[in-house]
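Have a look at this one.
Labels for the chains are A, B, C and D, by order of writing; each one numbers its residues from 1.
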Amino acid sequence: MTVRVTVWNEYRQERTDPPVTAIYPDGIHAAIADGLRESGDFAVRTATLDEPEHGLTEAVLADTDVLTWWGHVAHDDVTDEVLARVHARVLDGMGLVVLHSGHFSRIFKALMGTSCDLKWREDGRRERLWVVDPSHPLAEGLGESFVLPEEEMYGEHFDIPAPDELVFVSWFEGGEVFRSGCTFRRGRGRIVYFRPGHETHPTYFDANVRRVIANAARWTAGARGSSHTYGNRPPSEPPGAPPA
Amino acid sequence: MTVRVTVWNEYRQERTDPPVTAIYPDGIHAAIADGLRESGDFAVRTATLDEPEHGLTEAVLADTDVLTWWGHVAHDDVTDEVLARVHARVLDGMGLVVLHSGHFSRIFKALMGTSCDLKWREDGRRERLWVVDPSHPLAEGLGESFVLPEEEMYGEHFDIPAPDELVFVSWFEGGEVFRSGCTFRRGRGRIVYFRPGHETHPTYFDANVRRVIANAARWTAGARGSSHTYGNRPPSEPPGAPPA
Amino acid sequence: MTVRVTVWNEYRQERTDPPVTAIYPDGIHAAIADGLRESGDFAVRTATLDEPEHGLTEAVLADTDVLTWWGHVAHDDVTDEVLARVHARVLDGMGLVVLHSGHFSRIFKALMGTSCDLKWREDGRRERLWVVDPSHPLAEGLGESFVLPEEEMYGEHFDIPAPDELVFVSWFEGGEVFRSGCTFRRGRGRIVYFRPGHETHPTYFDANVRRVIANAARWTAGARGSSHTYGNRPPSEPPGAPPA
Amino acid sequence: MTVRVTVWNEYRQERTDPPVTAIYPDGIHAAIADGLRESGDFAVRTATLDEPEHGLTEAVLADTDVLTWWGHVAHDDVTDEVLARVHARVLDGMGLVVLHSGHFSRIFKALMGTSCDLKWREDGRRERLWVVDPSHPLAEGLGESFVLPEEEMYGEHFDIPAPDELVFVSWFEGGEVFRSGCTFRRGRGRIVYFRPGHETHPTYFDANVRRVIANAARWTAGARGSSHTYGNRPPSEPPGAPPA
């Protein structure tokens, strides 16, 4: 089954900040989309903040199985209307893959209910991501750890609800650790948070990172379960028969 | 240690709806507060929607270890400002005990990130609550189940995140089940959702219900852990020494 | 992908107890296997207690993606050797679907670490299973609840570790509830416990029960993740460079 | 309330291996017991492998709220009888704090149901333990991280069930991470696994380590919940009245 992925990106720093442009001349979304297309079973489109309705119209979301989200400096420019629309689609079953600085996005905070705060340091040193749940589909095809030679540090405490599943934990050269791959279910939707991806490093060209994002897209688009109803309902069971 | 509890109540139906007044002439909050006072180790105050700032000023919240919340017909009358204030205090460590129709309160939905929807039926038939985690402090002193002879039904699916701990499951005479006692941690705060308490039934005079609410107040006010910091931080570990 | 399922059954009561023979003349395993074959994407074999090595030779297990387990009166006749072999295969990634009275099997108790005790009553009254996680693959294709018109009752407290995921909760006519559909991960293996299936009722011919067992077989046979190593290991990171 | 703690130790290497004797001349148990006594609200005794019944008679266990467990080279010398006795007491509500190489003890493996395998390296380099759940009682009174200047490394993957709560994650100088503070509930008992404590390092004299062990003893000895019954039971609810 082809999974329809919409890769959403703030797409501001790539247009104004030369070191970012140098790494992602076509935008971070282009690199993420290319990574997904490499794996062959995705129908990928992109959407960005400065498009009308941030590129996330009702029609686009209705045609999206999984939305990936990267934002950083303009979280508050996302309108209430689009926020509510995306939130409703996730609860209705659309997968959501939140990347890196998207931890502070309005949609992630709305789904988590917490501050989503953390420690950070832009030192461009080594990060090593360890798999702590080797049977999870998010880790499929990986080795037991992989290295990003230069990344921004994110450190604990990461103020999120206890994840439903913890798949990756990062080791940083400067002495910190971080829960880097977390899953959450909200409503009928599956959510993945995946940490790497600072805009000044070529992280979204890394083969392992691309594999994890593809795994996340497949997994969050997975089977959708049973039907259900809400609201005022008649009894499920009839009044009992009298005792014999 | 005395736990300081603020019992919050919407307090509208008790003043306008005779069948509700008949059961709770002084308001649902008075019944809940009385139940807590019976157990002796709580300092209890009450606050209601139509007081200034809904009775939840900065000073009151700063002096509150645990907030209990009952609301039903006027959830949307809670202001953005008070909502944000309560939300921040929970993340900072205040306990929160959400009761019955509080499932649709703004504060519970903001903390859960989901619709918090469910099935319901006002048929006043039997509810039996079963303990499914007998070692949990919420269940302390109870038997293996207890009955409320007449209650409103709430039925699954209950659209919440998977609770961190599931303590009670209700059986309803009409054929439904419900996850009636759930715990969640958000930020430094502990949250309990406890189902019973429709306004037309004397549920908050029931000895078992009062025991659970007292248990919940003690548990959500529990030990508060370690200190932590967020934001831009220097390396935790110095650069390594050269190989020997 | 075809999933290779081995349906294991104690197969004693069907041969000696007329009321059981009347319902399952070819054994409970035959009914379960037929249900799986109906859905078309399984390669099904059966194995029973009184075959050599209980039908679970190294070769059979090596050729098995998912093992389903039904036992009741002869749990202790399973040898230490076969127990250890099945346990090792589960930790190595084989799925395991434990059915009904299999809650007291040696393999389930060994994987859970608890007594796995519960309440029961052979009264043949109604059971209604509610979906409490409608997005889970175990519930795929079901409605929000389904009824078994006659079944044995199992009631809480069920002495298991908190399940990783809770998918079904049962309502019983006699007033009890039960966590009827639970998932656990142990090692690389996925485990499902699914409650219904007393030997004197035609439960394994029920379309909804068959659907859940097929869903469980697909899900426990799912993606298998990353590689990993254990034991004495050299440093993952080289000693650091000296400060500049 | 005074918590009655029994500190159990294999106590072999301290008597035969000079580098271990040099650090723990009176045994690891003596250092752990001293740490607990410092905090003043514990009644502490010790027990060791080579005492009759390993020092864990029925009478001792009946008089124990919390058992701490350190073992390393002689796990298999623990008898089936004592193993079964300790297992039963944990399920009945005794707390259990498993330390360091106790991950491979018979009792921990029996309670977990998994291999409990991991990576290790005796390189005596730095370990930094980070708090990932700052609201948990296990972390009470700590800072956001603490350092052990020399320790054995344990690395992921750690083959345990997903812990009910994850409180500490370790960073190791050689590039690994580890889930170092985990909680599990089994039966009525609470279990903590806490990683540090190799026999050639003075870890059990460290103030932070002692604090965590004291926190763990208090928390695993906590409130014990409700009563419950198992086995064949009459209906909880009477047959229903006929429809009106």
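Observations
Everything below uses one rule, namely that a residue touches a chain if its C-beta (ideal position, glycine included) is under 8 Å from a C-beta of that chain, and two chains touch if they have at least 3 such contacts.
These numbers come from a predicted model, not from an experiment.
Under the contact definition stated at the top, the chains bordering both subunit A and subunit D are B, C. Relative to the C-alpha centre of subunit C, the farthest chain centre belongs to B.
Separating the centre of subunit C from that of subunit D, both taken as means of CA atoms, is a distance of 30 Å. The distance from the centre of subunit B to the centre of subunit C, with each centre set as the mean of the Cα atoms, comes to 36 Å. Among all residues of subunit C, those that touch two or more other chains are 128, 131, 133-134, 144, 155, 157, 162, 164-165, 171, 173, 175-176, 185, 187, 228-229, 236-237, 240. Subunit D makes touch with subunit B in their complex at residues 93, 126, 128, 131, 133-145, 164-165, 171, 173, 185, 187-190, 219, 222-229, 236-237, 240. In the complex of the two chains, the subunit A residues touching subunit B come out as 91, 110-115, 117-121, 123, 155, 157, 159, 161-162, 164, 173-176, 184-187, 228-237.
On the side of subunit D, the complex with subunit A involves touching residues 128, 130-134, 144, 155-158, 162, 165-166, 169-172, 175-177, 179, 238-243.
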